[in-house]
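Read through the structure below, which is laid out as C-alpha cells, and then see the notes.
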Amino acid sequence: MGPPFRGKTKMAPGRIRLGMIGGGQGAFIGGVHRIAARMDDRFTLVAGVLSSDPDRGRRSATDLGLAPDRAYGSVDEMVAGERGRPDGAEVVAVVTPNHLHFEAAKACLEAGLHVICDKPVTATLEDAETLARVVATSGKLFILTHNYTGYPMIRQARAMVAAGELGDLRVVQAEYAQDWLTTPLEQQGIKGAEWRTDPQRSGAGGSIGDIGTHAYNLAAFVTGREPTSLLADLATFGQGRRLDDNASILLRYADGAKGMVWASQVAVGNENHLTLRIYGSKSGLEWNQEDPNRLWFTRHGEPKQLMTRNGAGAWPEAVRSSRIPAGHPEGYLEGFANIYTEAAKAIEAARQGAVDATALYPTVGDGVRGMRFIEACVTSNAAGGQWTVISNP
Amino acid sequence: MGPPFRGKTKMAPGRIRLGMIGGGQGAFIGGVHRIAARMDDRFTLVAGVLSSDPDRGRRSATDLGLAPDRAYGSVDEMVAGERGRPDGAEVVAVVTPNHLHFEAAKACLEAGLHVICDKPVTATLEDAETLARVVATSGKLFILTHNYTGYPMIRQARAMVAAGELGDLRVVQAEYAQDWLTTPLEQQGIKGAEWRTDPQRSGAGGSIGDIGTHAYNLAAFVTGREPTSLLADLATFGQGRRLDDNASILLRYADGAKGMVWASQVAVGNENHLTLRIYGSKSGLEWNQEDPNRLWFTRHGEPKQLMTRNGAGAWPEAVRSSRIPAGHPEGYLEGFANIYTEAAKAIEAARQGAVDATALYPTVGDGVRGMRFIEACVTSNAAGGQWTVISNP
Amino acid sequence: MGPPFRGKTKMAPGRIRLGMIGGGQGAFIGGVHRIAARMDDRFTLVAGVLSSDPDRGRRSATDLGLAPDRAYGSVDEMVAGERGRPDGAEVVAVVTPNHLHFEAAKACLEAGLHVICDKPVTATLEDAETLARVVATSGKLFILTHNYTGYPMIRQARAMVAAGELGDLRVVQAEYAQDWLTTPLEQQGIKGAEWRTDPQRSGAGGSIGDIGTHAYNLAAFVTGREPTSLLADLATFGQGRRLDDNASILLRYADGAKGMVWASQVAVGNENHLTLRIYGSKSGLEWNQEDPNRLWFTRHGEPKQLMTRNGAGAWPEAVRSSRIPAGHPEGYLEGFANIYTEAAKAIEAARQGAVDATALYPTVGDGVRGMRFIEACVTSNAAGGQWTVISNP
Amino acid sequence: MGPPFRGKTKMAPGRIRLGMIGGGQGAFIGGVHRIAARMDDRFTLVAGVLSSDPDRGRRSATDLGLAPDRAYGSVDEMVAGERGRPDGAEVVAVVTPNHLHFEAAKACLEAGLHVICDKPVTATLEDAETLARVVATSGKLFILTHNYTGYPMIRQARAMVAAGELGDLRVVQAEYAQDWLTTPLEQQGIKGAEWRTDPQRSGAGGSIGDIGTHAYNLAAFVTGREPTSLLADLATFGQGRRLDDNASILLRYADGAKGMVWASQVAVGNENHLTLRIYGSKSGLEWNQEDPNRLWFTRHGEPKQLMTRNGAGAWPEAVRSSRIPAGHPEGYLEGFANIYTEAAKAIEAARQGAVDATALYPTVGDGVRGMRFIEACVTSNAAGGQWTVISNP
C-alpha cells in the first residue's frame, strides 16, 4: 500500500442531516456535492427539492434513496416539512442554476437552516449583499463552495504566506484557462453553455464570473488580502455570444503589490488550467490545479523545492486536509470534500453553541467579494478599460 | 464549474449491504475501502469485525455508526449473525493484515457471501490456490483490490492494446519505486514497516510482494498477457531487514516480447512512482500513477499525443470510469472506487442470477498469478538469479 | 549516435569578415556573439574595438588572436583602417553597452559596413528612428539580435500561424520572468545590475526594456502582427531602484485579438522563464524558452501534440534551423547562431547584389518597434495606467 | 540579456592544430566534432582525410576551407605530410565509421599525434586492448568522445557522488531509449541504419554498442565505479535485423549495489531518452539528457530540489562547464564541446610536458571498458541470459 501515513483516517463522530435544492438527474454539480458530502461520511442526505420539474424530482429522489415524503416540490414545502421533524435537515445544499441561489438560500437561512451554496453566491452584487445581511441576522452558517480553496497544497500555500515565508507580497499571477467555449456551443443545445452565456441566468459576467472569480478568490485566499482596484479588458470571441469569454485583468493592492488575472474559455489546449503564482521579497510559490498535489517553493538564491501533499515539506495545514499518503494523488473531489468536512465540523460546533475557529471554508463574504470583483470588471470594461476601485468596505 | 461533461453522474439503483473484517481505528486501508465504497453510493456498511481487540472493535463500530449488535468479535460470529437476517451483509470486505486474508475470505465464501479482498490475496501461493478453488466451488464473487487497474487511463490503455493500436507487443517497462524504507523504520516502531518486513506476516516477498506485484499486475492488466518466465535479482539495503527492499526483474513473454520490472522501497525521492511504458510495433504508451489523468500515446513517426481523462482522445473505457470533467483531476480514491462500483454492479447482476460481462475488476485469479510471480522471483533469486518458469497453468 | 538526421550539416561556402565593437575581456554578450558567429563557421573575426580602455582592448585582441594592427582604439579608427584593406571587415557586430549602440552602428553603416547589433537597438526611440533612416539610406544590412526568434520551434510556430493552422488570432500571452533583481544588486557592485537599472544607460525602461521587449518581439514575430494599443502598469520593488522591475501589460490588436505581457525581474524561482502562448479560433500553441526544443500544439477537440525540433511534427522551418537530431537538445547559443548564419547568407547574397528573401532575422524595424513599445509603456504608466496608442506608422 | 553570470567567458589562449579523419560531406558526426572544436575557439582545422572517396574528400576540403595540399587521400599521407611541417597537426579527430577507428587512431598515435576518437573506440575488444597499449607506449593523449559526460549537470552529479552526498551507493537505473529503428530502415537504404545493424561494421553489439554503452559509461562516470558482473537479455524486433535492437541488462557491483540498464531503439515515442537515476543510503539523483540543464536531488526526508546549470544549487564542476546563465539552455553541442575544450587544455599542458590533472574527458580506458561491457552482454545473452563476469582487470 505505501509509506507510513501522517494524516488521519477520518471517522464520523455524528452525521449531519443534509437537504438539497437542485441536483436532480442530469445536474452535474449536484452529484459533485453529494460525493463531497459522502467522502468523509459526515452527512446523510435526508430531504430535497431536486428539480423544478416534479416528475424529474421524484425520479431523482428514488435514485438517491430519499424517503418519498421528503422529496419536496418547492423550497417552501421543504422548509415547512423539515421544520417539524426531530430528524429534519440541519443544513441545505443549494446547487440550482446560479440565478436561483439567492431565493433558495435566503429562505433556508430564514427558516433557521445552515446553507452550503455553490458559487457564484447570487446573480447580482445587490442580492449578494442582501444575502450577507440575512446570514448575519440568521446566526446560521453559510458555506460557499469555492472548492479550489480545499486543495491541501493551497492551504499550505496560504499558511506559508501567513507565516511570512514569502516576505512582502510583490506579484500575484492567477490564471484560469479553458477551451470548451472555443466554438459557440450555446447554439448547439449544450445546456451548460447556454446558461453560462445568458446574461439573464449568469448575470453580467461570462468567463469572469464562471472561472475568473475562482482565480480571484484563490489569490485572495492564499495571499490573505484583496486588491483595492482593478482594470479589465473583456472580450467575446465566440460568434453571437452575449457574455465575455476572455478576460485580461490587472490588479493593484494597497501595499503596492501588483497582480494579473487571465480568465479564458477559448484558450485551445487548456482544460482547467487554474494556476497561481505568488512572489514576495523572499520567496516564490507556484501551483497548478491540474497537478494539485505539488507546490513549488523557491527561496531566493536556493534551488526550487517540490513540496508534496503529505510528503517531505508538507505543512500541518496540508496534512490535515489529506486522506492518503504522498504519491497517491488526491484530486478535485477530495478538495471539494474538504469544504464539506469543514462545514460538518462547524455545524457540529454550532450544535453546541460553539464556533469552529479552525474553519477555512469560504463564506458569504467571499461571495460578496466575488460579486464586487465581477462588478468592477464590468464597470472597468464598460469605461473602455479604466482603473476601477473595488468597493470592499 | 466547467466544460460539458461527457461521463455520467452515477446514481445508486440500490445499495449493497457490506460487512467489513479489519479496518478498525488506526487501520489505514480500511478507511480507504470505506471511502471507495461510499464514493458512488452503492454500498451501506452494515456489519463488521473491525478489530481483533474487542474494545477497539466496539469503539470503531461506534465511530462508523454500526448497530452495536452487528459489531462482531470474530468472523464466525459475523457469519452466523448476518446469515439469519433479511438485511444481512451480502458482501464482505477483507482488510486485515495480509496473513489473515485467507481464513477470513474462505469463511465468508463458504457462508455464501461475496468477498472484496485487499491485496495480496494471501500470504502463500498454496493458500491462494486453495482459495481460488473455494471461490470456484462457492459460486460467489471475489474481487481483489489491485486498485491501480481502476484508473481510467489504465482502462483506456488496456482497451487500446486490445484494439491493436500498438501492433505487436515488444517491450514492457514497469516500475514501482518508493523511498520510505530507505532507513530501517521497522526498528523504530513503525507498524506498517514492521509487518511489511516480517516474513511471518508478509510471506517470502518484501518489495516484490508489497509493490512489485502491483507493477506486475498492472502490466498484465494493460497488455492482456502474462510472461512465461522471469529472472529476479533481489536486494536488501535496509540494515537488519529480513526481506527484499529492491528488486530488479526481467520478463520474457511467449511471443518474444521482453519486459523489465523495477520495484524499490529505497529509491530516495520517489513517493509512489508506479509507471508503465509499453511499446509495440506500431505505437507506444506511457503512464505514471502520480499523474494518472494523463496517458501519452505515440504512433511511430507522429508527434506524441497527450490523452486526458474525459478530454480529447479519451476512449469510452476511460469516460465510463470518470466522474468529473477533464482538467479536474481524479486520483487514487476514485480509481479505488471504480473497483468497488464494478463490484456493486456485479453483485446486483448476481442477485438476478446474471453475470456482469463488462466487469474489469481483478479476481482471485489475479491474486494467484501475483503469488506465482512472488514465488518465481524468490526461486530465481535463491538460485543466484536464474531464469525461472512462471507456473501459470 | 542517433537516428537518421533530417536537417543538413552546415558547411561554409565562404567566410564573412567580421569586426566587433565592444566585447572585450569580461563582457559577457560579446562572447556569446563570437560563439554564435563561430557555430556554423561562416565568419572570421578580423578587427575590433574591443574596449574603451585601450589596455583592456589590446589584451582582449591578443586573447582573440586579432592582428595587433587591427585592434583599434575607436570606431573611427576601425572604420578608417578597415576601409582601405582588400580583406577589410564587411560587417561589424555592435555589442557595447546599450547607450553606445547608436553612434557605433551609425558610423559603421555610413562607412558602408553591414551591422549586427545587440538589442535594444538604441537607448531612445528618437535614435532608433534616426538609425532606421540611416540604414535605409546606406543600403546596408542591419541585423538586430533578438535572438529568441532564432529558436527552431519559434520559427515553426511562426510558420504555423502564417499557414492558418491557428485560424483567427484571439489571445496572446507572453511572459518573461526572472528573479535575479529580487534584491538591489545594483547597490552591491554588480555591473550588469548597475547599468540595467540606470536610466542614463538603459533609457526609460527597466524590465520592460531588458526583457519585456523580448517577449513583445517574440509575440510579434510569431503572430506576424503588432498590437495597436497597450496599457502598462509598471512597478519597482527593489529598494532604491530607479527603473521598473515588474511590468503588467495589456495589448489590443486591430482585429480584436487581446494580449497580456508580463515582465518581471523579481519573480523568485524564475531564471529565464520566457513563454509564449497563442490561441486562435482553431488551435493553440505553447512554447517555453527553458525547454525550447518542444512546441505544444492543440487542435480544438483533439489531444495536445508534442512537436519536437527535427522530430515527428517538425516543419521545414524548424528543420532548416537545426543542426542535430531530435532528442539531442539545442539551446540558446544555437538559436543565437541561427541569427548569425542568416546574416551570413544575406551578406553573401548582398555581395552578389541580391537579396536573401528567406531571411527571418530581426532588423532595425524590429528595433524601432521595440522602442515604441517601451515608449508606450512608459507613457501609459505615467498617465496612471491608461490605454495608449502604439505609434507604429 | 540576463542575470549576473557566474561562469567565465572562455577565450582562447592559443589554438590547437587539428586534423580530421572522416567527416566529409554528408557525414553527420564529423560536423558535430567540428562545431564542438569551434565552440570555444581552441582549435583550428588544418588538415584532413575527409573521405575515402578522393573526389568527395576534395570537395569537402574546399567546403571547410582547408588548404588543398593538406586535404590528404589517406591516413598515411596525412601523417607523412603533417610530420614535416612546423605548423603540422598536433591532434587528429577520428570520425570514420566505427570499424575504421582502430587503424586510423593507431597510425596517428604511432606518428606522435594526439587522438580524439569518436565512440565506440574500436569494433572489437581485442582491438581496443591493443589500442590501449599503443596509447600507453606513445605517451600521447587519447580522448574518447563519450560526449554525454560533458554535460555540466552530469559533472555536478559525479562530484556530488564523490563528495559523499548520496551516502553508500545502492541502486543505479540507466536507460537509453530511441525509436528510430522501430521499422527495418536498414532495408530502405538509410545508411546510418545499415552500418549500425551490420555485424561486419558495428561488431557484435547493436543497440548495446550504439547506445547501451553510452548509458553504461554515463553510470560509471557519475558513480565512479564499474559493476563486476552483468546479465543481458537481448532482443531483435526489427524484421530481418541482424543485431539486437532492445537490451535488458542487470548489473551487480562489488559492494552490493544493483543496477539496471535498458537500451532500446524500438521504443516508440522516445527520441534520445537517456536517463540516469542513482540512489544511495542518504540521497537520490535523477537526470534526463533531453532536459540536461536540470538535476533533481533529494535528501531522504526532504523535498526534492531542482538544481540548475549555473543556477542556485550549481556546484563549481557544473559552473566550470557552462557558458551562459541559468535559464538559458545549453545543449548537446555544448556538452560535446566541453570534451573538446578539455582536450585542448590537456594538449596545451602536454606541450609544456605537464599533465592537466583536472581533465574529466573519457579515455581509451573508457573505450576498453565499453567493449568489455558489450562482450559481456553478448556472452551473457548467448548463454541464455546468465550472469557473466565483466573482465575488468
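Annotations
Letters are used for the chains, namely A, B, C and D, taken in the order the chains are written, and counting of residues starts over at 1 for each.
Definition applied: a residue touches a chain if its C-beta (ideal position, glycine included) is under 8 Å from a C-beta of that chain, and two chains touch if they have at least 3 such contacts.
The model shown is predicted, which means the values in this text are computed figures rather than measured ones.
Chain pairs C-D and B-C differ in how many C-beta pairs they share in contact, with the greater number at C-D. Taking the CA centroid of subunit D as reference, the farthest chain centroid is that of A. Inter-chain centre distance (subunit B to subunit C, centres taken as mean C-alpha positions): 55 Å.
Chain centres here are Cα averages; for subunit A and subunit C they lie 44 Å apart. Centroids of subunit C and subunit D (each the mean of its C-alpha atoms) stand 33 Å apart. Across the assembly, subunit D contributes residues 179, 270, 297-298, 304, 308, 311 that each touch 2 or more other chains. Residues of subunit D that touch subunit C in their complex: 1-5, 9-13, 15, 25-32, 34-35, 38-41, 60, 63-65, 178-180, 185, 190, 192-193, 210, 270-273, 289-293, 308, 311, 323-334. Remark: subunit A residues 170-171, 173, 179, 182-183, 231, 233, 235, 237, 246, 248, 250, 252, 256, 258-260, 262, 264, 266-270, 277, 279-284, 286, 296-300, 304, 384-387 touch subunit C in the complex. In the complex of the two chains, the subunit B residues touching subunit C come out as 297-298, 301-308, 311-313.
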